[in-house]
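Heads up, the next two complexes both have chain A, just with different partners, chain B and then chain C.
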Partner chain A sequence: MRTITLGLSSVAVLATATSSLAQDQIELWFNNAGNPAETAVVERIVNDFNASQSDYEVVAQSFPQSTYNETIVAAALAGDLPDILAVDGPIMPNWAWSGYLVPLDIDQQKIETFLPGTKGYWDGELYAIGLWDAAVAMFARRSILERFDIRVPTLDEPWTLAEFDAALETIKASGEFEYPIDFGLAIQGEWYPYALSPLLQSFGGDIVDRSTYLTAENALNGEAALEFGEWWQSLFTRELAPGPSQDPADRETGFLEGKYALSWNGSWKALGAIDEFGDDIMFLPAPDLGNGSTIGAASWQYAVTSASEHTEGAMAFVEFMLKDEYIAAFSEGIGLIPATLSAAAMTENYAEGAPMHVFFGLSEAQAKLRPVTPGYLVSGKVFRESLANIANGADVADSLDAAVDAIDADIKRNQGYGH
Partner chain B sequence: MSTATSDNRPARLLARYMVLGLIAVIFLFPLVFMLISSLKPDRQLLSDSGSVRAFLPVGDISLNNYVAAFERAPVELFIFNSVLVTGITVLLTLVVCSLAGFAFTFLNWRGREVLLSLILATFILPFESIAIPLLMIATQLPWIGPDGISQGWLNSYRIQIAPFIADGLSIFLFVQYFKDLPKELIEAARAEGASWWQVYWRVVLPLSGPVLATAAILKFLLMYNQYLWPLMVAQEEGYRPVMVGLQYFFLRNPAWGEIMAYLSMITIPVLGFYLVLQKAFIASVASTGVKG
Partner chain C sequence: MRARSRLTQSNLAGWSFALPGLALVAVFIILPFFVGIGLSLTNQRLISPNPAQFVGLENYRNLMGLSVLTIEPERDAAGAIVRDDAGAIEYPRVRTFTRNNPDYPHLQGMREWISWQSRENRVVLLASDVVFMKALVNTIIFVAVIVPVQGGLALVLALLINQRLPAITLFRAIYFMPVVISVVVVSILWRLIYDGDNGLLNNLLGLISFGLIPPIDWLGNPDTALGAIIGVSVWHSVGFHMVIWLAGLQTIPPSLYEAAAIEGASKWQTFRYVTWPGLRNTAVLVLIVITMQAFELFAKVDLMTKGGPLDSTQTIVFQAVERGFRTQDIATGSAISVIGFVLVLSISLTQRYLTRSRHE
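Coming up: the complex of A and B.
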């Protein structure tokens, strides 16, 4: 009897060992170390996927977001990329062009209803897919707009440039606020191209010429861009907004504490504003500065790398993630906009009638991708410097011309980035 | 005349202490700000930052940020990793670089001057310029472990230690210090029949407290503040040091109070190490002319 028991145990152990040996391990790297809510959702999806089949075992590794891109580039250099990784939407074309990523081979029907900003296309192929998006809106307080008799803009009828300017001047004249509006210039990094280049686009300019992606000439220093630059500079000379020397603490609390009447801010800051102002808070659409209203699009997405030896399993995992329950769980965990309306309906904040549902509409109606080019990595930085210089009083035409030269030189150095 | 001097002495002393006190306060401000801010909720911390309240333990004071920091990240693991990597590297640096300095100072061998010049020339190479080639090498290095021979040193402590054991600055410090030691002592020991190893171990090292302290402190600071290299080679959380761990707190909505709590905690080993060695460090700075 003892022999039989031992024998059965051995078979069981062997079977378990064989089963785990037969499983191919798939490595997943994502960008939110330090964010327990997001990590919990990723772990839940990984556990569900691992339990749903026996061919693959996904192992997740989280990294801090602020240094994530550098880590990936180093891993690529070392030939040590994982199978699946998270990638920031605007960075994706660069990594695809660099050969880090392969096109996603997933059921396209599953992403038909996804917000446009969550789909990472490069060179005509889908390379990455996101489960959420982020949006920028004009944070305002109903009571303040009513007090100054300022019209509440809508998606169908946003503020015009004249209306927007008049609203800022009216608020300024009251003397009740340190500044009428805060554009968040204390924030360095990608905030400038993400949140502020849509204002340039609304004037009719852009960071690069999207018809070819081979030059920034005319897009960034044409008539529309110059007009934008002059207006942008005037915001600071007229003292309507704090400039790049803004105290970062004021960016965090200025609107909440009544230093600023309006705040151009991201959806990830909305919950704090709702907590502070309740029903008084409003998230307004971007103004139409002449060429339509625009806000930035594309947040973090998931992609499969060219280093993966188990591409089929990696694709299967990415497809497995695209369920409403997971999309909703991410949104509940990190507060960002769910990729689908059906998932939004499952959330507390984005369901129809919920306080942040408006962001779903903003993303759907106004979101525009940042330039879909590997060169964005450089052109975004150049744009940021140029915008900060103009805000600090530099000559508008000279600054924009210099930015165009720098962007064009980079595109030339990289043989057109594959365009 | 002597009466006037003695009359002015207390006033001069008072003035001197006031100036020194003011300088000390200026240097202490960032530390006080960090410690006080670590006790405040984010909103209050940001509101207070523009006034003198930033340096006062007023308002809603608690240890909540410390608790939250431990919940957000494995703080104890990061501190352990940093102390381990830093401690081993400092020890190995002291051994290897002091031996190198000894060989360059006291032994006569062909090519000594040229090699010393080459080593000193590495001063001008920023680590960033060699990081990528070093990474390539790290991925190819072999290792014999419990599972047999493997390739690549990524995700290990050894890859965070090995590249930093020997460095031009530490060797330079030892050479400079050893040059000033009385030659008679070395010659006497040799005349008595001591081997070079005995001269190093029994004569030179016992006289080298200040330079050992200086090299240790400089290497400690370098290693404890390591950021770029571990970012590149420690992909697994289990090997990440404190500076990479700091990035866990910079999220879409940075947790400022927790950042201050984390910084307060990771500053303790640095302050402790410096306080233990500060007397020897100051003595060495005076003798070698090197400022940390």
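Coming up: the complex of A and C.
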């Protein structure tokens, strides 16, 4: 039986090979294996593109996101990179610097109206373009805020540190929730630097010193960072938030089930919250912890690799993707912020007046890129470990010092990462 | 001499049969091993436009560097020792010595690993790479605990199922079951069991102690996390070693047991003088296999704790992967692998020596 199937499938392969003999094949790798909604949109675009012309045939392949970066690096080492790949915004400079990506040669007019977080620039060149951005907001319920008499913050007047802290204490004192707030520490990955480094920036610190990108000294262990660290640790000693050992299932459902009163969460989780709470749900702006409110910008984007033998075709495909209908389709499918207002108007949730339109405002007013440097790959990870350690009770100053040393040593070993 | 002539002469067929295997071993094991040693002496990155440079033993120094610092207590203007409210002596912070202090250039960037009190002074053992030191110690603790516990428990289980009882195969299957479950499934399963708030283990402990034992955050507490991982590891692989013991038990001739019974040996004497000597070779095998496997601890750490909390579950292999792949520092990753190799090799050689057969 097996040989028969094998035989049949090789016949099928041969048949496809002959039918597309005149076409050049373009490989596309993306990061969301196991996400049927996103895969469906990618397939739709690929089919449309393949039908629209006869020079190229795009073949898409998906990989699991949690090990995606390692997959790409391994492929790069093996000389096996595809033509087009999805890349997480802050990781892009690393691959561009390493010479695995080429600058995008696409019509600038097409991306004029795109949100700034969707454009991946490194060294003055556009290397990646995204069809969506993501934003983080404080998920809250109107009824709970009213019950505890907590002011609803606005973009112009976000919560101050004292106000935010007092709100958490008030909710804690009621004893109605397992924890007043959930920061999602169960997700031990890019979530930490993406969602939590803006809190550090809001105190006035940063992962690295962005004036030179050559050191983290003072940025990550200066006054502001130490203050942030002490406050961050106190969230866990005061039992205001679940720590890094949080059950991942609780991260998914804890807010919806009423275990947590507030949830620091991404726009891609907003759909579920709207379904659960309807009009009661609110997506509030980040608090101002002393140095303005900040949330992370840039999500997954598409880039063309230097390994591509059909750069023109690859560029053509990337340009082909930048249509409002596809941007809208991605947004509908995975709940992310569409890259253009015109695409947003085509969606149910992001159109003017729709429940998630607020994320547009958050993204516009508060979004800030993570450090744009090839070294982010390491410094983001070091930051994550440091934050987890502090939450677990490590000495704040020592942890931040150790993080600074690790980041600085890495920058030195890489001869400044081209800065 | 006979052995040598047999190897070199008139054995062309043997060598040609061995050749494909030898070639594979050379390409996939021996060659990477030497490449690894070579990489560990450079600053090679996984992907980088910068050319690699030879750096000698710098990677090893960065990993293994140790230094001792004696800190004198803070004294007030009169020279008296400053004490805090609780009466404990106050010391200047370690970071005042290790960060940009021109008087202590050799301590630059080092971190406190262990400290203790010596009369009024505080002695601090500083390490260049505290995380790696913790990984080293954790791995050794893990091996030191798991070898006797897993080996012993496997033997007990093997003795239990080496009986002619009805439905004994059912028990054999049950004990062996965890071995065939993927480590990923095992880790996710045990994450739920160990959950700090409403995990199965906490519920069970609460139930049998009538609520006296408060819920413990097994994987979130630095004191219990390594123990929790040891527990999963034993549960997961004890069945495998049980089968090896069982195979050993079944090679012991029944006539020896009959003879022992006729001589009037007690159960303990039978075990001590018949079973145990008969298991000698099996014991050596089990010992070495468990030791080697234990040094490779990685997947459970990666899936359950990521080395945390507070580096209490860092291991050598986990660190090698973290540095080598996830931060693209393949040179340091290689150096860690080489250190791990030397460690495993020396322990295995010691074990071989201690368990050598004295009849040869």
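Basically, the second predicted complex is superposed on the first by the 397 of 419 C-alpha atoms of A that agree within 3 Å, B and C clash if a C-alpha of one lies under 4 Å from a C-alpha of the other, contacts with A are read in each partner's own complex, and residues count from 1 in each chain.
Just so we're on the same page, a contact is a pair of C-beta atoms (placed from the backbone, for glycine too) under 8 Å apart; a residue touches a chain by one contact, two chains touch by 3 or more.
Just so we're clear, the structure is a prediction, and the values are computed from it rather than from any experiment.
**Student:** Counting only touches as set out at the top, which of chain B and chain C does A:A388 meet: first, second, both, neither?
**Tutor:** It touches chain C, and chain B stays clear.
**Student:** Which partner does A:G34 contact after superposing on A: first (chain B), second (chain C), both, neither?
**Tutor:** A:G34 sits against chain B, while chain C stays out of touch.
**Student:** Per the contact definition in the header, classify A:K269: touching chain B only (first), chain C only (second), both, or neither.
**Tutor:** Once the two structures are laid over each other on A, A:K269 reaches chain B alone.
**Student:** Looking at the overlay, does A:P64 come into contact with chain B only (first), chain C only (second), both, or neither?
**Tutor:** first
**Student:** Tell me the contact category for A:E146 with respect to chain B and chain C: first, second, both or neither.
**Tutor:** neither
**Student:** Could you look at A:T253 and tell me whether it touches chain B, chain C, both or neither (first, second, both, neither)?
**Tutor:** first
**Student:** In the overlay, answer first, second, both or neither for which of chain B and chain C A:L77 touches.
**Tutor:** After superposing on A, A:L77 lies in contact with both chain B and chain C.
**Student:** Indicate the residue numbers of chain A shared between its chain B interface and its chain C interface, in ascending order.
**Tutor:** 70, 77, 247, 249
**Student:** Mind listing the chain B positions that touch chain A in their complex?
**Tutor:** So the residues of chain B touching chain A come out as 42-43, 46-47, 49-50, 71-73, 132, 135-136, 138-139, 152, 154, 231-233, 235-237, 244, 247-253, 256.
**Student:** Hey, which residues of chain A end up touching chain B in the complex?
**Tutor:** Residues of chain A touching chain B: 29, 32-36, 61-67, 70-71, 74-75, 77-80, 247, 249, 252-253, 256-257, 266, 268-269, 272, 334.
**Student:** Show me the residue ranges of chain A that touch chain C in the complex, using the header's touch definition.
**Tutor:** Interface residues on the chain A side: 70, 73, 76-77, 94-95, 97-100, 178, 188, 243-245, 247-250, 377-378, 381, 385, 388-389, 392-394, 397-398, 401-402, 405, 409-410, 413-415, 418.
**Student:** Please output the residues of chain C touching chain A within their complex, sorted ascending.
**Tutor:** So the residues of chain C touching chain A come out as 43, 45-50, 62, 93-95, 98-99, 109, 111-112, 130, 191-192, 195-197, 217, 219-222, 306-311, 325-329.
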